[in-house]
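Structures incoming, each one as structure tokens.
Two complexes, one shared chain (chain A), two partners (chain B, chain C).
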Partner chain A sequence: MDKVEITREIDARGSYCPGPMMELIRVMRSAAVGDVIAVLSSDQGSKRDIPKWTAKASQEFIGVEELEGYDRIVVRKVK
Partner chain B sequence: MAKRVLFVGAGPGGLMTANRLAKMLPQEIRSGELEIVVLSDTPRHFYQPGLLYVALDLALPDGFERPQNRLKVPGVELVVDPAVRIMANERAVVCKSGRRVEYDYLVIATGSVPDLDAIPGFREGAHSFYTLPEALKLRKAIQSFDSGRLLMIIGVPHKCPVAPLEFMFMLDDALRKSGKRNQVELMYTYPIARLHSLEPVSNWAEKEFAERNIIGETFFNPESIDPVKRLVYTLEGEEVPYDLLVAIPPHTGAKIVKDSGLGDNEGWLPTDRSSLKVIGQDRIYALGDATNLPISKAGSTAHYQSGVVAANLAHELRGEPASVPYDGKVFCFIEAGLEEATHITFDYNHPPQPSDPSGMTHWFKLAFNEMYWLSLRGLI
Partner chain C sequence: MAENKRMSLVVFNGTVDKLYPVAIMASGAVMNDMEVDIFLTFWGLMPFRKGEPYKVTQVSKDYDQMGDEMMRIMKEKNVPSWYDTLLQAKELGNIRIHACAMTVDLFGLTMEDFEPVIDDIIGVGEFVDMAGDSDTTLFI
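For the complex of A and B:
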């Protein structure tokens, strides 16, 4: 994951509403195919829900980096 | 020479902050050292949460509207001339008439805009309640809807994140009262893995849905609508039929933000989550829906932020540091039907926990619909 170039990073730490997942969907909608989006999330549910959504929406889940007090979740828009 | 604080936008964020600032610095205004100018694109102010009640035929729109010039306090100058370009390098804003207004400090409160064209087929196939014409159209559609599936779809992002749930609960109650509920299937969808962004609200809604026989579908992001076949197609590859489609339109930032080169791809202003200054702009604050902050686009967000921005402007105008932080506070009422409501409050560090719905909270919400006009003047 270190070698992936991030196109856009969303700092959704401390976001309960709309929350990291909604922020990701918002940015994915306006992103170009091939863009790599990183979401910073302090919500424990994000690293469970985001891979589920990328699988359902046929997008690419790249990985999760666990940092101090939050996660950095990386996704690529493929369609 | 007087210093000028210029506000672009006279919605709750702009007007409330201008009024609060005027009340904080009356001496500076009286002595001519400070001018507060608000640019508005309309002479009327509409209380947007009222549209939910209009769509459900619970209130007429007239009571939710006032003239802008009756809502400002002494010391605030209101100019009805839409701002069209912010020239940050020249500390000036240009209006539609060609008027150029210079500033010492600028507050951008341009809100968010429902984009009825973002989902193909939306205008032809869907009803919404985020503009007055749309709310009136939906009211008419509900009045003649006697049977079939009412499908609720949700675009991202959108303002007032609890409004879709409120709509479902209130409509469920109304249909039961009119004896039509057995002929109508209510189906609610949501973009993520649960019924609402806030987990406690989602858990509560799940229980209510089961009791009220409302169908809830998750991971549902509408991509297009076929108004002839009455089908919604999703990003996740599903197609779902409807008889009456109620849709929450995706929102974008204001055109002026995009045209001035200050926003991101969708027109949201990159904003510091604590100081509420536009990132890289020392003399520009942003608040309310206009920011890119990952918090609810809601009037209460603008309300809490307005106290921070007004206080920091007062400090800066007196040569002091802008020392008051925004902690991410949001408060929302949630109508749970026609006679009960709950509420939530949260900030960057404290998750929400909805209270049990009660008649008292519902009546307080209705009272707030009137108290709003006082809050705009900075009284509450």
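For the complex of A and C:
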């Protein structure tokens, strides 16, 4: 995950469910295929919701990094 | 492509503690690419009158004692209003918001009296038909 170049980072820390997930959906809509989006989220639902959503939306889930008090969740737009 | 799954919500309550789950469930449906039909009836319709959405602060009688504290915490933690949450979900997904014809008639209201977020006024027959065709229906 260290080698992946992030196109855009969404800082959704402090925002509650469904905030971070909805922000990600909004950004993914306008992103280009190949863009890598990182979401910073302190909400406990995100690290489960986002991988499930990427699978369902046929996007690529790259990984979750657990940091101090928040997670950094990385996905790639593939279609 | 297969037709999207659908969720129907009957919103009978107009207190803020019930309007939050409406907005959040609708958001969850959008995340899952589900279409949503929201039927606003009786007290659930009142917060959608012009100028009302941001004024709703009352919680259900059952939780009355905790109401002020809940609103204080929400404000302190910068939780977006139920209405902004619903508007965001509607902007990102396929959500239709219907006013109940009986309630509209009973209270002498017209489309002019509502926020533009309401798509139309429909009767219960049409809504139950939508609910019957959807994959899940919630009464809130």
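Keep this in mind: the second predicted complex is superposed on the first by the 77 of 79 C-alpha atoms of A that agree within 3 Å, B and C clash if a C-alpha of one lies under 4 Å from a C-alpha of the other, contacts with A are read in each partner's own complex, and residues count from 1 in each chain.
One rule holds for everything that comes next: a contact is a pair of C-beta atoms (placed from the backbone, for glycine too) under 8 Å apart; a residue touches a chain by one contact, two chains touch by 3 or more.
Quantities reported herein were computed from a predicted structural model and do not represent experimental measurements.
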Partners on chain A (chain B, chain C) - clash or fit: clash
May I ask you to decide whether A:Ile10 touches chain B, chain C, both, or neither, giving the answer as first, second, both or neither? first
Of the two partners chain B and chain C, indicate the one touching more residues belonging to chain A. B
Identify the partner contact of A:Gly19: answer first if only chain B is touched, second if only chain C is, both if each is, neither if none is. both
Partner chain(s) touched by A:Thr54 [first = chain B, second = chain C, both, neither]: neither
What is the contact status of A:Arg29 with respect to chain B (first) and chain C (second): first, second, both, or neither? both
Clashing segment of chain B (vs chain C; choices 2-10, 38-46, 92-100 or 218-226) is 218-226
Would you mind listing the overlap between the chain B footprint and the chain C footprint on chain A? 14-19, 21-22, 25-26, 29, 49, 53, 56-57
Residue numbers on chain A that touch chain B, as the complex places them: 10-23, 25-26, 29-31, 45, 49, 52-53, 56-58
Please name which positions on chain C make contact with chain A in the complex. 24, 27-28, 30-33, 77-80, 85, 88-89, 92
Chain A contacts chain C in the complex at 14-19, 21-22, 25-26, 29, 49, 53, 56-57
Show me the residue ranges of chain B that touch chain A in the complex, using the header's touch definition. 156-157, 161, 191-193, 196-199, 219, 221, 235-237, 250, 265-266, 273, 294-296, 328, 330, 346-349, 351-352
